[in-house]
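Next come two complexes built around subunit A: one with subunit B, the other with subunit C.
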Partner chain A sequence: MKALGLMVVVVVGALLLYAVGDFPAWGDPQSPASQHEISRHFITQSIPETAVPNMVTAVLADYRGYDTMFETVVIFTAGLAIIGILGMARLTDRESLKPMAETRPGDRDMIVINTCRQVIPIMQLFAFYVVAHGHHSPGGGFQGGVILGASFILWAIARDLPTALQGIKPRRIVFLAALGVVIYAGTGVLSLAMDAKLLDYSALHGFLPPAPADAVPNEIMARSHGMLIVEIGVAFTVSAIMFGIYTYLSSMGRLKGGL
Partner chain B sequence: MDIFQDIVIARFNYWIYVILMMVGLHAMIVKNNLIKKLIGMSIFQAAIILFFVSVGVKDGATIPIVSHHGHAEESAETWHSVDPGHPDEGAVHDHGHHEINPDRHANPLPHVLMLTAIVVGVATLGVGLAVSQKIYREYGTLEENELLEKLRSNDG
Partner chain C sequence: MIWQFDLIVLVLLVVTAVISLHVKDLLSASMVFGVFSFLICLLWAGMGAVDVAFTEAAVGAGVGAVFLIATVFNTTRDSSD
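This part shows the complex of A and B:
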């Protein structure tokens, strides 16, 4: 079995290494990926078409908005699966589990807790900046959501899980994650209701604030604002699910004890 | 020697991805422990992510974000502040008139694909770990051969 597995790995690796010679060299500006019309279109047209300087966000939330919507659904589903797999066990075989060492708040180190008290608000503020400024600088819903989720996880590590879960109860994790998907899909359906295509934010220009000083048409500014809305939806789902994954995995679904 | 230089030295990045991928695949196929299989899956995933990011590298290009401070000051002003006194000036300095050179910016598409792939990868890894925890709780082991033995004895 081991020899067979190693043979499969070596054959696959050898085939891939054989193909390496056909690949473009490192950083070659003439490589097919860089020369493709799609790449050129995204780079040159994302500002005139969407008024978003960060092309990654423009492609993520607008040109490939359909893809990103279902990536968000995948994350939501994965979170539900984890809560379902481990949360159900909590109800059925609670007695069979070995008791976990209970931690009291006094057991925790004061320096750790007070440092976290100072750091976590800054982390969360930075997370909001990354989400809200994601179409002008590196950032966006996924990155900001992960930072926000990490700040909750830090609090859960510094204190213990029941303390961290006082703020965000398990049911609220699911609610916030679902809210994110609803914000994203709702924006898409709203543009559908405005007689445009799904996730075509330019149809929403009637609801969104107009462009400053007529620098760009309102329809184009609406695409920029629409991207911000769906990024906020993504951030809700990602941060809630990241915290949910940590709480359920670290305690095997018991939601008790600390790290 | 020239062939060696052409295939190995000039394209060392692909060699790293292929070797990483082989490490991950080997762990997924051969290792007995379910957690080690998951670690192998993560290494495999890292190889794919590195491969896609390296496809987006372009010599002489910067990050795929247009700097709107690098252009004329006036156009930056029309973007950031509403100037009711000079509405015509804003229309003249429309941002769309600035040509963006596609050779100066990296291809954004691989970055977009990997951005979502990383977060989705974390979520799916979480599902894998949750299933492993459940298996451990049910059978008391994460070794594949012991699991198969217990499953067979349960059936019999």
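This part shows the complex of A and C:
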């Protein structure tokens, strides 16, 4: 059986390696993907159309905003599923399965806690920078949200779960995650209400103060600001769900003790 | 892309993949898996896909490894190991 498995792996691996030979070379301007009209449109028109220097974010949050909206919903749903399943486990008697390593407040290392006290604000500041600057430099809602969630996770590791959950109650985790989806979808619905297509942020130009004649027109700036708003929505969902997954996963849904 | 850099990263990728599959201790396997993610992140960055590299570093090497370790802490060691 083991030899059969190895044979399958070797054959599939050889086929994959053989197929790699047909790929266009890295960065080849003659490759089908680079020659397609839409690729040229994104490269030449994304700054004139959206005033966003980071082309990746312009495609992600504007041209293909519909995709990203449901990616956010996928993360929200996955988090809810994990919280729901492990939350159920808390209701049934799991206490007898494994003795819990109870931690007392004085148990934890002073050096670890004080280092985390210094590091976590910097992490959170960097997370906000990544979210807010996502349309001008690499980054955005997903990355910034993960970093923000990781800062809460670090606090939960350094202390214990009840201490970390004093700031964010378990109920509020789900609320914040849902709020992120509502911010994203709400932006889309708002542009729908302005007689434009769903997630067409240029319809939101009426909310901006009038632009001077020599500046970028409001219709274009509205797309830039619209991307920022949906990135903030994504960051809400991702950070809340990351922290939620950690709290439920590390304690098997009991929300007690530390790692 | 610099081929020397690529060669080192790709060799280390295979090495970390084999180690994380073969090592008995699940905690070590999760740690090595985090290293694997980080090496892929370097590969993305080398190819100029900075946004993807950023996501890989934050999600794969950061939070993914933490989730794995948090799960490993809740497992019990089988006596037949």
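Note that in this section the second predicted complex is superposed on the first by the 229 of 259 C-alpha atoms of A that agree within 3 Å, B and C clash if a C-alpha of one lies under 4 Å from a C-alpha of the other, contacts with A are read in each partner's own complex, and residues count from 1 in each chain.
What we mean here is this: a residue touches a chain if its C-beta (ideal position, glycine included) is under 8 Å from a C-beta of that chain, and two chains touch if they have at least 3 such contacts.
None of the values given here were measured: they were computed from a predicted structure.
Participant: In the superposed model built on subunit A, check whether subunit B and subunit C fit or clash.
Facilitator: Superposition result for subunit B and subunit C: fit.
Participant: Once chain A of both complexes is superposed, is A:Val189 in touch with subunit B (first), subunit C (second), both, or neither?
Facilitator: The answer is neither, since A:Val189 touches no partner chain.
Participant: Looking at A:Leu249, would you say it contacts subunit B, subunit C, both, or neither? Reply first, second, both or neither.
Facilitator: both
Participant: Which partner, subunit B or subunit C, is in contact with more residues of subunit A?
Facilitator: Here the partner covering more residues of subunit A is B.
Participant: Can A:Ile43 be said to touch subunit B (first), subunit C (second), both, or neither?
Facilitator: Touch status of A:Ile43: first partner only.
Participant: A:Gly139 contacts which: subunit B (first), subunit C (second), both, neither?
Facilitator: It touches subunit C, and subunit B stays clear.
Participant: Quick check for you: in the superposed arrangement, does A:Asp67 touch first (subunit B), second (subunit C), both or neither?
Facilitator: Only subunit B; A:Asp67 stays clear of subunit C.
Participant: With the two structures laid over each other on chain A, which partner does A:Val9 touch: subunit B (first), subunit C (second), both, or neither?
Facilitator: It touches subunit B, and subunit C stays clear.
Participant: Pick one for A:Trp26: touches subunit B only (first), subunit C only (second), both, or neither.
Facilitator: both
Participant: Of the partners subunit B and subunit C, which touch A:Ile122 in the superposed model: first, second, both, neither?
Facilitator: neither
Participant: Please work out whether A:Val56 is in contact with subunit B alone, subunit C alone, both, or neither, and reply first, second, both or neither.
Facilitator: The answer is both, since A:Val56 touches subunit B and subunit C.
Participant: Looking at subunit B versus subunit C in the superposed three-chain picture, what is their shortest Cα distance in Å?
Facilitator: 5
Participant: Where on subunit A do the contacts from subunit B and from subunit C line up?
Facilitator: Correct list for subunit A: 26-27, 54, 56, 138, 140, 142-143, 146, 242, 245, 249, 252.
Participant: Can you list the subunit B residues touching subunit A in their complex?
Facilitator: 6-7, 10-15, 18-19, 21-22, 25-26, 29-30, 54-61, 63-68, 75, 78-84, 86-87, 90-91, 93-96, 98-100, 102-103, 105-112, 115-116, 118-120, 122-124, 126-127, 129-131, 133-134, 137
Participant: Enumerate the contact residues on subunit A facing subunit C in the complex.
Facilitator: 26-27, 54, 56-57, 98, 130, 138-140, 142-143, 146-147, 149-150, 153, 157, 242, 245-246, 249-252, 259
Participant: Note which residues of subunit A are touching subunit B in the complex, please.
Facilitator: Interface residues on the subunit A side: 1-2, 5-6, 8-10, 12-13, 16-17, 20-21, 23, 25-29, 31, 33-34, 36, 38-40, 42-44, 46-48, 51, 53-56, 58-60, 64, 67-68, 71, 74-75, 78-79, 81-82, 85-86, 89, 93, 97, 136-138, 140, 142-143, 145-146, 212-216, 238, 241-242, 245, 248-249, 252-253.
Participant: Which residues of subunit C touch subunit A in their complex?
Facilitator: Result: residues 1, 47-48, 50-51, 53-55, 58-59, 62-63, 66-67, 69-71, 73-74, 76 of subunit C touch subunit A.
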